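Each of the next two complexes has chain A plus one other chain: chain B in the first, chain C in the second.
Right after this comes the complex of A and B.
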């Protein structure tokens, strides 16, 4: 199972994205500064945007799902229950897993943004996509919820998960790290070696490396163990 | 001084709260009332009961910059240049002065390259940076930011922090889910279930949270206990 980006390029105005790489089965982290093209890459990887040149090939991937960075872009239901049903899911199950029990009849628009993000991710992570692309899944979530999302990502028992994020602290264990540099996708390789090549590593990880300590992974637990 | 007295509004119940000049960060779980509190301070909503005074005045009569947690809800105009200029044009400033001020704040914000871009084509982080520049363009006395950092990378967050600290605003009140950012504030307020449960300097507030995931990871790494 793999997502293969071959000589991909995409141009919008002055911005140009280029990408070459194979996203194998496992959890991939894509980091990059604001405006570097992470979301555009996510759209191309999902098939929602076609590249101007090059090819995007899927092998063994039967279904995929893109979670956009703004949960409000996904909202179609009037009530919370409607929204969950629009995903073809059982409201009771998702409400419980999203810690929103009792809120099913609420208008979706009265949820706080963090609650809306919880609801959205509760729906996304209830599915069984072979390719799951999560654009900024941790934004607006508090630390308890970020830990829950990290755990759920870690529990994905098959397929490819691509996480595009600026999150610095609450990250799940990942298998591969990539960076978007000036619109170009660059592979840092497989973890843990990739951590040493990760230019945008969080400060606490860079501090550890400067002390000669390389964590086995990027999760807080792995970082604490290395420290 | 910002003084809130006998506030009741939705989930919020705040008998008394004083916010000193300087940087105040509001932290707390999703749905704890952070956005509601910020909206009351910004004068966007009036509390169902109780009162707010900013240096003895009503919030509605104070020049306040506001950043909504939904990036798209901040943007009204088609181009970045028009968006940043809009508060100055609404108060009928002269065109040359408007252009000079727009160029100046765009430069200070590191977004001069975005001035000609269409707002709808911006990335999530770029929308936040443009909205922040717009909120600050009139040199407000009070700057209220609702999770402005949730779509920003480390460098952009540093730029944002420097920018708002260098602004003329006497009061910076913002909420964040990044506890590393919160450690740099003058005052931290913890909201839980609509009530202020902790208030003080970052050291005072976080000292009582050492067993919680809210405790900054960098502090935890320096003392060696697990999250």
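Right after this comes the complex of A and C.
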């Protein structure tokens, strides 16, 4: 199971994105500053936007799902229950996992951005997509919710998960690290070796490396253990 | 056309020319053909929607007044010009032109115009993202999905309006302000403007009228 980006390029106005790489089964982190092209890469990888040049090939991937940064875009139900059902899921399970129990009959428009994001991620992470692309999954969430989402991502037991984010602290354990640098996708390799090549590594991880301590992974727990 | 003042003038002049006569519409269409990026602007999904609306109104006009074809030609040219104006727009242009035209009084109308253009861009962006989301769910846009989708469009705009209001307040905006717009028109800008004036003149005063006067 793999997603292969071959000589991919995409131009919009002054911005140009180029990408080459193979996303194997496992959890991938694509890090980069705001405006570096992470979201554009997510759209191209999901097949929702066609690249100007190059090809995006999928092997063994039967279904894929792109979770956009703003959960409002995904909303097609009038009530919370309608919205969960529109994903083909059971409301009871998703409401409980999203900590929205008892709010199934609420209108989705009364949910705050954070609650809507929780609901959306609850639906997305309850699915069984072979390729799951999460664009800024931690936006609009507080630290506690970020931790919950990290745990849910680490519990994904099959397929390829690509996380495009500029989050620096609350990150799940990952298998591969990539960077977007000036519109170009750069592979740092497999974790833990990739952590040493990770140019955009968060300050607390860089401090550890400078002290000669390389964490086994990038999650807060792994970093704490190394420290 | 680099100078937004001349571009806006050209669009208005050609639209008026296309509206008042078929000859003006034909000349405005020829002008549009010569514009850079003309075909890029008609690829927008909204273009098809507006074109469809023109066709419907033209058919109704044709049946009721007999001038359906004339209406269709004139309005299609105006639509092409409007699409070009929207595509060629660079953020901040309306602000600068408004202040240049009306002085300090033009600050607030310019700001409103810029916010409106930004809102249009946001709507276009929202619409493409929502289409992607619907495609992923395998949901067709029907009555049952139309209500929440439109609701989200409206809510998104209200949220953005709140955010913009907060931002303006934080920056100390009450009303009015100062802006020193600068423009660098090129020789082609002047040439484009003169051609547009000629087309408007021909549309208002048909050529045969001028020869009659000379005779």
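Heads up, the rule we're going with is that the second predicted complex is superposed on the first by the 227 of 227 C-alpha atoms of A that agree within 3 Å, B and C clash if a C-alpha of one lies under 4 Å from a C-alpha of the other, contacts with A are read in each partner's own complex, and residues count from 1 in each chain.
Keep this in mind: contacts are C-beta pairs under 8 Å (C-beta built on N, C-alpha and C of every residue); 3 or more make two chains touch, one makes a residue touch a chain.
On a predicted model such as this, the values are computed, not experimentally measured, just so you know.
For the composite obtained by overlaying on chain A, chain B and chain C cannot both be accommodated without a clash.
Of the two partner chains placed by the overlay, only chain B lies in contact with A:34; chain C stays clear of it.
Residue contacts after overlaying the shared chain place A:108 against chain C, while chain B stays out of touching range. Set side by side, chain B and chain C differ in how many residues of chain A they touch, and the one touching more is B. Of the two partner chains placed around the shared chain by superposition, chain B is the only one that A:224 touches, whereas chain C remains out of contact. In the overlay built on the shared chain, the residue A:169 is in contact with chain B alone; chain C does not reach it. Within the superposed three-chain model, A:197 lies out of touch with both chain B and chain C [touch as defined at top]. In the overlay built on the shared chain, the residue A:211 is in contact with neither chain B nor chain C. Once the two complexes are laid over each other on the shared chain, residue contacts for A:145 go to chain B alone; chain C is not touched. Using the contact criterion defined above for the overlaid structures, shared-chain residue A:72 touches chain B and also reaches chain C.
The residues of chain A shared by its contacts with chain B and with chain C are 70, 72, 113. Chain A meets chain C in the complex at residues 43, 48, 65-66, 68, 70, 72-78, 82, 86-87, 108-109, 113. Touching chain A in their complex are the following residues of chain B: 28-31, 34-35, 69-72, 117, 121-126, 129, 147, 150-156, 177-180, 212-214, 217-218, 220-221, 224, 226-227. Residues of chain A touching chain B in their complex: 12-13, 31-35, 38-39, 69-70, 72, 111-115, 117-118, 136, 139-147, 166, 168-170, 200, 202-204, 207-208, 220-221, 223-224, 227. Listing the residues of chain C that touch chain A in their complex gives 126, 129-130, 132-137, 139, 145, 147-149, 151-152, 155-156, 159.
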